[in-house]
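Presented below is the structure to which this report refers.
As written, the chain order gives the labels A, B, C and D, with residue 1 at the start of each chain.
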Amino acid sequence: MNRSLTITREPLDEAALLSRRTLSVGMGAVVHFLGIVRDREDGKKISAIEYEAFEQMVTHQFNLLFDEMEKRWPIESIRLVHRVGIVKVNEPSLWVEVVAPHRGEAFAACQWLIDEMKRVVPIWKKPVV
Amino acid sequence: MNRSLTITREPLDEAALLSRRTLSVGMGAVVHFLGIVRDREDGKKISAIEYEAFEQMVTHQFNLLFDEMEKRWPIESIRLVHRVGIVKVNEPSLWVEVVAPHRGEAFAACQWLIDEMKRVVPIWKKPVV
Amino acid sequence: MRISVQFYSYFKDLTGCAETTESLADGSTLGALHEQLIKKFPKLAAMKKSTLIAVGVDYQTRDYVLNDGEQVSLFPPVQGG
Amino acid sequence: MRISVQFYSYFKDLTGCAETTESLADGSTLGALHEQLIKKFPKLAAMKKSTLIAVGVDYQTRDYVLNDGEQVSLFPPVQGG
């Protein structure tokens, strides 16, 4: 399984990410997820979210999750980018891509990864008013 | 709900589709699905799939599905492109984008739409050897 | 009454044509039309249970009562995506 | 033995610092360290049950036996995405 993990302070460049996708001839499904910063947090208007990460542990925990994905599903490629620092409202903080033979496993794996990430990957949010 | 449906003989241009995305400040989730033509159909090597569509009915049936999605989930935008004619192995035949406030509803709506499409939208595949 | 019928996908191979016109008694149902088509194109019989039938752009069941000039489509299970 | 402790997210606000060093008897557990930290920084008490604790880059439970020089991190529930 091809893995790519990026924790970055730079804005996400979706077009550049797409141009680097590799896809073998047996693959039938690509699922992307983008998490976008919304304009409200706990009912209050915000202008941005500041993401803080314990970076070494983030990398390690994502790799444990990727190991588990590889056991559960026949995934060819997982790529994930998470921004840290200040991310403005309406900008993406998270981009995930899963490539697999069939759509069922691609959707299942992508959703599982995001759910698990929100349980174990040490990244925290702080609203900016 | 913003709707965009395209049935086309042209190759999919993902970058152009992304550049036309609109996203209001309350939206937190974007899900994309790409269906790619695989190199095997029923265990046999193929070089392409030829898609045939009953186009007027395709448009009508997709609109019925979009109506139902609008009732079920708070979706801001659904965009779908399906190619017809010959689509080579390793090229996408289907592109779907769902924009919603939260990821749960974006994933659920996207998967529901694809499942229903495969039940009621009159498009057929013919393998090309 | 006269009903125009279109075939899609491999139903065109089974019947050898993309379109035909059938004459039926007024008040005939879609089920009666289907039976008449199976007599005319016997290869449709094997697919009888999985055949999808639309009148215009909407699916209809076999008890649907046809009206003169309506356009009917017969096709196998769909497979988009 | 001496254990270096790091705080993340609003735990830094609760303790007023990002890092501290604790002295503990050899063979002490992570649970004992946590109690010692709560005595030193009483605002951590309210979060006791939801506190996540890592040694190095792995989560560990309260019965984990610490070794001299290990790096411990305490933080609230994670919220990435």
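As a working rule, a residue touches a chain if its C-beta (ideal position, glycine included) is under 8 Å from a C-beta of that chain, and two chains touch if they have at least 3 such contacts.
In this text the structure is predicted, and so the values were computed from the model without any measurement.
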Touching chain sets, computed without subunit B: A, D | C
Chain labels contacting subunit B and also subunit C: none
Whole-Å separation of chain centres (CA-atom averages), subunit C against subunit D: 72
Computed distance of Cα centres, subunit D from subunit A, in Å: 28
Rounded Å distance, subunit B centre to subunit D centre (Cα mean): 48
Geometric centre distance via CA averages, subunit B-subunit A, whole Å: 22
Contacts with 2+ other chains: residues of subunit D: 81
Residues of subunit A engaged with two or more neighbouring chains: 35, 103, 114
Subunit C partner contacts - residues on subunit B that touch it in the complex: 35, 51-54, 56-57, 59-61, 82, 93-94, 114, 117-126
Subunit B partner contacts - residues on subunit C that touch it in the complex: 6, 8-10, 52, 54, 57-59, 73, 75-76, 78-81
Touching residues on subunit B, where the partner in the complex is subunit A: 14-15, 18-19, 23-40, 89-90, 92, 101, 103, 106-107, 110-111, 114
